[in-house]
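First chain A sits with chain B, and in the next complex the same chain sits with chain C.
The block that comes next holds the complex of A and B.
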């Protein structure tokens, strides 16, 4: 309800107006979300869930949908650097909220594997969209979730039949091209893994110019019995961009889900992972790395809900904050009354490298079952002085030692990515952030090659 | 596991032992809260005009505030107009010695095992006993006076040391700090004032026993402790309350001021009536406790929370001075339908400040026990350090244990660590004890005692006996 005409409210009206005219609300779900959105107030610092995330500066900008024409100007060589060229994969490229079939490359599939962009899937397999859309994302009362529901433009539908394994990774490449205004691009993904199936999904977000775009993504995932999904999300947009993403997973018995969230880009990025352990013996591994510099704000959020017995979950989130960057972690473990024998762990570690960098962490536990093992930990600190001294005593310069240790700190999370090409791609990015003191890029690459060969 | 069940049932079904009502004629103000009532309270206390204005300001602020509902506790809305804000034991004149104290009051304390005479004579503890709202007996005053230590009820202090009280009252917890602090500031009827002069080490533990007595009477205690430079004081607070069917409201404010180099140790055993097995009745305990540290000073809170239907309490420390140290040690036990949302705030503002948080939660029955804490490192707090450990123990599968830490770090040289675990008493541990001839009930007591030991150790010797006795009533005694 719009109660008062604050700056936020004005933004809220500004935000809705252009879309109401331009986007026809095609189905009941969008209409429902739109109604819910109108009932939800724009988040401010007074909301507990937004306590440390100030999005007030969005209020003074006018927001308009991203332009398809801008996307059409993109040439293949501009997209090329963002693909993992040494990795065979299904690639789906999205620019400004639109699917680009000519840049995408989906290898021929058997009937048991469906990989399609959302608008195509709506006509070819409407029943899948109908069954799962909005059923896994149960956040409720979340502004950006409703916003996505009301105005999503494109997305992907992945459906694996029982006992099928998708041999090569699926790469979703999202690109943005902004212009003078703040632009909006949004995606809605549905990933359904049948019993005993397995897949690897990589999502990367990049900007093709320096203009600001607000990206809003909601992904809904179901892992059926014994299914396994490896999911990596890399947020590497320019430092004028806004990113609001949420991944919602429903885990059935004995299924495995692993998520690695890497955030290096964006002016403001906020990522939610909601995992619901529905089945006995399901397992969920969440990793995250947020490395911010300049004035970046990075928000990592997790909710792991244990509703079944014998399920395990583990979370490791690491932050490296430099310059005036701010890193937030908000993790929740919820163990319901019947989820006995649960094992749930959560660890958030942060490294502050500069005087004005900030970290806020909220690792929460809510436990209603008695026969459980749950723990969480959080730390904020600097590089280990003893480790620094050790390296220096062996002739490594202070700056080099610092960058080596910072790199090592991040490595725990990077190592959770099972795809070598993606890891290598990230190493280079991280090298540019922390490793400059270390030596030339060539030295670094040869080091990595040795490392890679050694594996 | 039947035997185990029995042990737990026995433990969770323990009735409140200290439930009795003393029949003393009461001096009651009419129910409800308005400016007239505040003027009346102030008038009865013979307070200066200034204090009345302060109260009224707090009251006006309070009327504009909303009751906080963010804590993980549930209770029906409180009708603030249905409460007596003033009740005092009727008296003709101030008692000058123990002999003059109403014999029934003395008997009440005796039943609780806190005989004034005994304590005065044997343990050497000065007791400022508060029955409902007015201080009825103050002991050891003379001895303390020789050292320049002021240990008075706060209403006496307002009359006798107005300048000192004016300087510090509300300096740590501002009158409009929060809803319950504002309510307290408006209507506080009594409490304790302590002043330790420069360089003095208080030779004895100071202690006060609070007791809710009159039906439907809320207690609004106000405690102010000022430790001047390089001084030391250890203060004890403990409470028990009689069984009542109606929920009673308790909104206390405690302010601690540790000036440069001073040390204050504040220990609490809280055993208000927690309601019966069905969760009927019990005290609503909404407390604001906060300490302010100067350079090189130290404040430590130690608490054993076993009572109250609802506990909403966050003893905090503002580490303003350089090299200041803050400590928080807590055992919170909830049983039946009790709900506790408790923890601490450590605000680091000065350089080289250090803080430690040890919190042990035990939930049994249908209760919910939450730790909620904030560690904040300000931009100027170079080399600040914090270590937090919050453990929860679940007994039975109908209770809940929750942890809500908030960590805000604005300085790169800070070192903040937080750890929390949740577990139950493992069958292995019980089996090990059984195997060696220790019964299940006894074993549970033993394990819980060991679990909370780290905090018990922090309680002063004089208080530890009392604390263990009170905890034993609710746990160990019942299983041992």
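The block that comes next holds the complex of A and C.
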């Protein structure tokens, strides 16, 4: 492949200016990442991992470092609508790559729970960062992973000691404010759950205006023996935004990790989830919903690697594509030779609502062990005509019926979100996305309760 | 209430209905019987507005309005209801959400205020007793995992909640054991009044022991070849459909 060095350099060279030296351990990692970045070309359609995701219009632009002044202009009432106000939680607010202590609220914790923004944690607990930074994200040779490694600004460090449970959810609220330049907002998160500990982590991405910002996130997670992490990520940015995020998890014996990825926003979003089943009996559940319209491009990628016996994994990703939107799913399961008694499943289902919407789905399964239960599947379809007619014959108007069925398609992924407040927040967004309302959110909640209680 | 004039319908170029005439007044119960493939279900579906059929001739008036000018939902708003022979499963939509949405759409078009969740639940629970339906089915996705009997009860529950002017029951007896059949029939009977009408489509006479018709019509090869009162159904039960076939062949 012919390298166009100048285009890549032009893309990130302005980020070099404020490249302030942090502590030496971070500095070494950043320098190493920067070196690797210099050796790496933009991903193109010729790369297997980027076959359907064209970043051509992004590659001719030039990233600008985010400036603190942008974040300082933000007033509390602008942040308020994006908080889950009925949910007690630790909230960490980030604006354009900067931590906003005055909008954040971390409730007092015992010494056994650490929740801090990265800059803070670097001075208070450098050993944690030193131990884990770059150790779980092993994707390698990925342009946006190196970009993050070289230029990450902020993030969060969460560390739970053995046998503690974080009683209330941790909410990471990322806000972007764009202007005439393409600002770069980047985060590096480290989440370490000690043996037998548990936590719920919610990440939400929003835009405060309609301008373009590029968000680049890498999260590294360790779930130690018997630990449980529920992790929800909602990408609800404006339709001019770029998003490149990756979540990397290492699962130790009998630990549980659940990830729900919801993508409604962005002009181009790419989300990677990499789970390494390192411990016997570990369990990983991955859910995803990408609902695109207009010209949005949404790319979801999963890699689940089974390296231990008796581990289970399950993936359910659903796409709903309208107008000229494009959805990509690229999911892999690797079962190594010694990972006997693995159970690994993967399903990608897509609903196409218009003539011009497109889906590329690539489920992938590689098995080297001989005593396993694995399956994968993919489907692309339209709304069920019989179901539409049934609803209409009961007096439900065609548009409402379409909206109901679209919602119904997404429901099992939404239900994987265990926090009622987050689901509630999402319902309202989805009503807007899937057409006119056909019932108030209140009804939805009360009917959900009926369903759960089996009344 | 319903007037069918010389209705000729084809599907994929095959003529299925070959000139149907049928008149149903408020307060009446009509039964259409006939052998398999005679066009019974086609008639039910085309009245409810399913697409894929070509109306080649004739017209249908419902409350004086041209039925074929109305969309399926508009027909429901006018008071037409079809109880499906094979009710559709809709994963992800709860029965409660489905019924409440349907009821409120219909109420809106009748100029009635919409019901909130609480009022709706009160109404629907009352109606569920009528068809002896397990209340937990309200919270489950529409028809998903329902037994054959539960699906048919669910159809009659919808009829009870939506209160149509004309209910068409398409082979509602198929797949029902005798106890369920009685329950479903009792439910239908309790909804009968002088302002509504019922069209029962069935292969067997069995259901008509419980939902007693005022008129019985025999549909054969796309035409109504015989009409009479409830004794016609008993004749058919005794003699079978061959008798009709022979009679048609002679004429």
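Assume the second predicted complex is superposed on the first by the 410 of 455 C-alpha atoms of A that agree within 3 Å, B and C clash if a C-alpha of one lies under 4 Å from a C-alpha of the other, contacts with A are read in each partner's own complex, and residues count from 1 in each chain.
Methods note: contacts are C-beta pairs under 8 Å (C-beta built on N, C-alpha and C of every residue); 3 or more make two chains touch, one makes a residue touch a chain.
Note that the coordinates shown come from a computational prediction; the quantities given were computed from them, not determined experimentally.
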| item | value |
| --- | --- |
| Partner chain in contact with A:393 - chain B first, chain C second, else both or neither | second |
| Which of chain B and chain C A:380 touches, first, second, both or neither | first |
| Chain B versus chain C as contact partner of A:309, first or second or both or neither | neither |
| Partner chain(s) touched by A:363 [first = chain B, second = chain C, both, neither] | first |
| Contacts of A:78 with chain B and chain C, given as first, second, both or neither | neither |
| Chain A residues within the chain B interface of the complex | 48, 52, 337, 340, 350, 352-382 |
| Chain A-facing residues of chain B, complex | 70, 72, 377, 379, 392, 394-424 |
| Complex interface listing, chain C residues touching chain A | 48-51, 71-73, 75-77, 81-82, 84, 87-94, 96-98, 100-103, 105-106, 109, 116-117, 135-136, 138-141, 158, 162 |
| Residue ranges of chain A in contact with chain C within the complex | 384, 386-387, 389-398, 400-401, 404-405, 407-412, 438-439, 442-444, 446-447, 450-455 |
